[in-house]
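In the two complexes below, chain A is the common chain; its partner is chain B in one and chain C in the other.
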Partner chain A sequence: MSLIGTDVTMVGGIAKVTGAINYAPDLVLPRMLHAKALRSPYPHAKLLRVDASKAEKYPGVVAVVTRDDLTGLNPYFGPVVDDQPVVATDRVRHVGEVVALLAAESREIAEEALDLIQVEYEELPAVFDLLEAAKPDAPVLHAQRNETNAGVHREEFNFELGGNVCSVFRVEDGNIEKGFQEADEIFDNTYTLPPVQHGHIEPHAATAYWEPSGKLVVHSASQNPSGVQEQLAQIFKLPENQVRVIVPPLGGGYGGKTHARLEPALALLARKARRPVQWVLTRDEVFLTGRRYGAVVKIKTGVKRDGTIIAREVQVFYEIGAYALNGPVNAKTGCYVSSGPYNIPNRSLSTYSVYTNLPPTGPFRGVGVSHVCWAYESEMDDIARRLGLDPLALRLRHLVKEGDVFVTGEKLVSVGITDCLQRAAAAIGWKGKEEQSAPPAGKDVVRGKGLAVTIKSTTTPTTSSAQVRLNADGSAILLTSSVDMGQGALTSLAQIVGDELGLPFEKVSVSFPDTDITPYDKSSSSSRTTFHMGQAAQKAAGEIRNQLLEVGAKKLEARIEDLELRDGAVSVRGVPDRRLSITDIFKARFGSSVGSMFGGYCFKTEGGLNARTGKGKAAAFWFFSACAAEVEVDRETGKTRVLRIVTAVDAGKAIHPKQCGLQNEGSMLSGMGSALFEEMVYDNGQPINSSFLEYMLPSMEDHPAEFHSILVETPHPKGPHGAKGVGEAALPPVAPAIGNAIANALGGIRCRDLPIKPDKIVAMLDALKESR
Partner chain B sequence: MRRFDLVEPTTLEEACSVIVDNGDAKVIAGGTALLTLIKHGIFVPKTLVNLKKIKAASEISFEPQAGLRIGALAAIYDIEASPLVRQHYPVLAEACHVVANIRIRNMATLGGNVAHGDYQSDPPTVLVALDAAVELLSRAGTRQIKLTDFLKGSYETALEPGELISALIVPPAGHLRGTYSKFTTGSSEERPCVGIAALATMDKDICMELRLVIGAVSPKPMRFKSGESMARGERLTAELIERIALAAGQSVDPIDDLRGTADYKRHLVHVLVRRALSAAAQH
Partner chain C sequence: MLTISTTINGSPQDLTVRPNQTLLECLRDDLSLKGSVEGCGVGVCGSCTVLVDGRPVSSCLMLATNAAGKAVTTIEGLSQSGELDPVQKAFLKHQAFQCGYCTPGMIMAVKGLLANHPHPTEAQTRDYLSGNLCRCGTYAEVMAAVKELAEE
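So, the complex of A and B:
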């Protein structure tokens, strides 16, 4: 039986559920010190003085690094823009910015000694509101900016200099003015989303030391070992082979661990301390370190009376915090999908990433897409309601189909979105137009159903490489820099390798990322691992397969086409007696029953967009999903209870259906939290709910009674066995599906600002009463 | 977290001596509240006095005349699961059951909950409705004080230096029956935005006695006495219930916070009191 499409036992799954696994904070090295950061209490200030001399003398303190220790380094870094200082230099730009990092014999001593570091600040005017920050007279965060040497997409951004707008991305189709002129109805609304937390249980954590030879070794909970290696090599001016990044299994990432965060300052501290140093963030520090972008989405749609959408203009402002990080990538990724997975002849789409004096952001499942999906899918329901159409039919009529040309100018391939939407709608018993009818009078608790769809690209072009080694006993190991962060990547990659080599699943193991051993990978992000690393692993294993078949053909005196690889042996198809075990093949090839066979492959996708026109090839593969939800709203208290969430996700081919389903379910709960209550709140740049006491995730009690994900399989011609990515697919449509369900329950009253908390619903209903 | 010494007394009396001798010591039981405060640097104690090993202080007992005695170290889950509590004070079991999640309830103690004085908590609202008292222990002996007097405001209590809570005493509930309703505006595990305890003694459809306590919208649980007297001796008609509920909503003076605006909370009190009284009238 093929391993592909089989729910084999997850690699490392038993160790996880029994607690046996060692995560990054569990690492203990001999003579290891503990780091603590002194962080800025101000959102924007000049650093007049930083003096760590007293702290350095505190018993148990070994080293402190400040801006005085940056001499000889490239002191600024970032994945797209080199704007983050390793530690603060001339100023701080957000509450929580690291001003000094201190290493001591224990975390407690380190914390005590922080009080002794003397810092003088001179406060500067700060800006927190996204639209205020984008204005020309706002306080400027970065007077000068440098593009990074490391970013692969550099040519794809339009960096704006001077103000707080970091980057702009635009793409157009048709003639937007003409489109609006021809429209019978215009819909023009603004939607907002607050920052939210990734909610990974494991905080950011890393351990660093320098070998006597001058080589830097970093163990880090990172989704991006190659990226961290690249950044450290650049900062410390080292060749990449002098930076070794090792990544244990992650206790969750969701995008929050995609970029270098702790590693640069920590490496500097370890160098000064001449001992290993470990840095594990507390939860409130995690809140100061990463989050999802807040956004304002302005969306205007022109529609013909018969329901044909003929024009759509979208402007999105993403609030990226004090440093660029992934902001420009996010703004680009959100831009070309901001009119939705629809065919609309005239459109004008633009997105802006904007600096503010809030703590840094970063990629978050569904990078940039959740924001625009919230807007365009809410609009679709409003359009259907005003024109008296079934929201399902309105969507189906405009959805992109196989071979359609998207706004970027590329042909869409493997487009399962119609299937996704139809199956999700059917799963909750969608009845059509009547789902938008008025709620029953006199009842406090009312029900409603809602639908939403999404389209997302995977970051393109990118590279993944893999090596496979086959041992003479018929066991194989895949060397990959893909990160196990709970998504099950190692399991599906092992399935692909086992299938290619005809090995039982148990005979394939997978390495952890270790840049001394495992080859380059772009990152475990953007739902890219199965498609990209899957192909690299498959082709790497394929090289060994070819060697086995060649030797087999000679020894068995058969043609290669007549041979098959299964159960750890080469045999002539249909003649099971004529077979050679892998050990036999090693003997035939090397004259010995020991040795190794190697295969390696570097897989690169083609594409990229022209920054001026927004046209080109945005995605090596597109992924699609739909969500259907049913809610119950208490009109008196404003409380929403989600009764059902069903998503349908086009996986291309589900290598491990159960893991795909679980990935989607994780997305669905996360989407429900940000739909209904998750929201990071700041007071003058200071987070006021930076703990899981005040910022709560959905609990088991909130879990909808009906909750599952349907896998649609529209094979991708280039995917391994037809597979695409699913990691982020289910998240973006959840909030608008819930929003649409609430609007349908309330007779069309719509909240355009996430999260849809009970007080907002009560206020909307009160306003309606007053207006009558 | 900073360094501290850990002292583990075996009796509450011994614990009292430790805190008298050691002015800046903090006592710790479940730690679900205190550790958060220490982690955020709000307290930086040099000594922690662990009470959790004093097994005798976690007993739950019931005497028909004296009522219920809950040792201060009883975990919230132990109270929720106690057959005595379930039989004689089902509403208290209900209020304990809705606290946070099972992991917190297994750690957190009732004594710690009351000593913390957090106004956004469930058990104190019901305990005030049940007219519970706090038993306090010091070197001088024990004293009792009504919970409603013990709780002085947000995170403020009548606990004197050198005193420990040894138990909560709940008088017999007689024929009082009713509900506790916790309302959260976010995750179900959140602390309450509003909590309403409504207990009534009904004689057929006449309300002989009503206890109505509104939690989480003022610095301590507020017994709504004027509403209680409006109901006494009356038939709990929909019209009367609405009048009491409306007055309850107008009587509270909440603050805007992450759980909702002040206006919204007043509205919620109105709605939830109406619903709680309608339920109490059915008992």
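So, the complex of A and C:
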């Protein structure tokens, strides 16, 4: 039986149910110290004085690092723009910015000693509102950007100078003005989304030490071992082989652990302390460390009376917080899909990433796409309602199809979106136009259904490499820097290797990332692992397969084409007696029944976009999904209950169907949380709901009574066994599907501001009563 | 420092603890029982759930001194013989976890649920486990595992 498409037991499953997994906060090293950070209470201030001398003398304190310890280093870093200081230098730009980091014998001592660090601030004007921050007269966060783009080390973006707009991305098609002139109806609306938390239950955590040789070793809960290695090498001016990053399984990531966060300051502290130091954030610190971007989406659509959409203009402002992190990537990724997975002849799409004095952001499942999907899918329903059309039919009519040319100019491949939408609609019992009919009068509790679809790219070009080692006993190990963060990457990669080598699943193991041992990988993000690392692993194993078959052909005096590799042996197809076990092949090849065979492969995708035109090749592969939801809304209290949700995701080929379904379930719940109640709230830049008491994550009670995950399989010609990524696919359409269901329940009344909390629904219904 | 007598995973122990030390800190830092983990620190996420005299407790909120004279069971106490507990087996069978960080707490809460309600309804399960957050969202599988255990 093929391993592909089989629900094997998850790698590490037994360790997970027995609590035996060692996550990053569980690590204990001899003489290990504990770190605590002194953080800025101000959203924007000059640092006049930072004096740690008293704290350094406190019993049990071993070292404190401040800006005075940055001499000789590259003090700024970031995945796109080097704008984050290792520790604050001349100013702080958000509440919670790390001003000093202290190492002590215990967490309690570290906490006590923090108060002894003396800091004088001079407050500066701050800006928190996204659109205010984008104005020319707003207080500027990064003054040095007035003169230079130094430190910008990614060229595929348009960086702006002078103000708080960090980057701009644009792409156009047709003639937008002409398109609007020819339209019979114009729809023009603004949608907003607040910041939300990733909500990984494991906080950010890392441990660092320096070997006497001068080599830096960091254990970190990171989705991006190679990226952290690169950044540390750059900061400390070390060759990459002098930076070793080891990554245990993660207690959740969802994008929140994609970039270097704790590691730079921690490495600096460990160097000064000359001992291992561990830093585990508290939950309120996690809220100060990363989150999803807030956004304002302005969307204008021109439609013919028969429902043909002929023009769409979208402008998106993403609020990226105090440092760029991947804000420009997010804005780019959101830009070219901001008019949706639709064929529209005239389009003008632009996105802006904007600095504010709020805590930093970072990639979040559905990078940049959830924001625009919320807008364009809500609009689709409004358009259908005003023109008296079935929202399903309106979508189907405009959806992209196999071979269509997208706004970026590239041909779309493996386009299962029509299947996704039709199957989701059927599963929810979609009845066409009548789903938008008026709700029954006199009833407090009303029901409605809603649909939504999405398209997202996985960025190109990127690189993933893998090595496979086969032992003489017929067991193999895959060496990969892919991170296990719950998505089951190690399991599906092991399936791919086992299948290629004809080995039973139990004979394949997979390493954890350790940059001393495992080769480069771009990161475990962007739903890219199965496609990219899957291919690297398959081809690495394929090299060994070829060696086995070559030796087998000689020894068995058969042609390679007539051989098969299964159950740990090479045999002549149809002649089971003529077989050689892997051990036999080792003996034939090396004259010994011990040893290793190696295979390695570096897989790189091609393409990229021209930053000026927005044209080129945006995606290594595109992924598609649809969501259908049914809700019940209480018109008295405004409370929404989600009764049923269906997600349909085009997986290309589901290597491990159960895990794909779990990804969809997680996306569904996260999308539901941000649709109905998740929201980070600030008062003058100070987070006011930074604990799980005040910031609610969906619990088992919120799980819809019915949830169905549908896997559509439209094979991708380049994916391993046709597989694409599914990690993020289901999330973006959940909020608009729920929003559309609520609008349909309420007879077309629409909330355009997430989350759709009860008070907003009550206010809308009250406003409607008054207007009558 | 205070000395308390308690039972951890069936073994009687005298522990020296700080007056303000939580049970979770004691389990993790002093006894190296790392299966119980901290997620929120305020007793909301459930990832530190252990059984105290058979009842599920957020060990991040309970002081270690309050464990005096009581029996504490952590995830490490479930399969000491090498044989997995039925709840662990059901979680594996239904793949009722993804990243696994909340899993020990979730399993201990399920132990508490089944001790209280050997045949819980779905509503009882949802209510009882609503204090165990799983951001990976693997709730349907946990409910399926509980359903199977309840039918046994």
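Going forward, the second predicted complex is superposed on the first by the 763 of 772 C-alpha atoms of A that agree within 3 Å, B and C clash if a C-alpha of one lies under 4 Å from a C-alpha of the other, contacts with A are read in each partner's own complex, and residues count from 1 in each chain.
Just so we're on the same page, a residue touches a chain if its C-beta (ideal position, glycine included) is under 8 Å from a C-beta of that chain, and two chains touch if they have at least 3 such contacts.
If you're wondering where the values come from, they're calculated on a predicted model, not measured in any experiment.
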First (chain B), second (chain C), both or neither touched by A:Lys658: second
Chain B versus chain C as contact partner of A:Tyr520, first or second or both or neither: neither
When both partners are placed on the shared chain, which of chain B and chain C touches more of chain A: C
Chain B versus chain C as contact partner of A:Ser670, first or second or both or neither: second
Which of chain B and chain C A:Thr282 touches, first, second, both or neither: both
Which superposed partner A:Asn689 touches (first chain B, second chain C, both, neither): first
Chain B versus chain C as contact partner of A:Thr637, first or second or both or neither: first
First (chain B), second (chain C), both or neither touched by A:Phe707: second
Touching partner for A:Lys16 - first (chain B), second (chain C), both, neither: second
Partner chain in contact with A:Phe128 - chain B first, chain C second, else both or neither: neither
Contact residues of chain A, present in both the chain B and the chain C interface: 282, 691, 693, 697-701
Chain C residues within the chain A interface of the complex: 28, 32, 34-42, 44-45, 47, 74-76, 78-79, 84, 88, 91-92, 95, 97-104, 107, 125-127, 129-143
Contact footprint of chain C on chain A as seen in their complex: 7, 9-10, 12-23, 25-26, 28, 198-203, 249-254, 282-283, 484-488, 658-659, 662, 665-670, 691-693, 697-701, 703, 707
Chain B-touching residues of chain A, taken from the complex the two chains share: 106-109, 111-112, 282, 284, 636-639, 673, 676-678, 681, 688-689, 691, 693-694, 696-702, 757-759, 762-763
Residues on chain B engaged by chain A in the complex (per definition of touch): 1-3, 36, 39-40, 101, 183, 185-191, 258, 260-261, 264, 267-268, 271-272
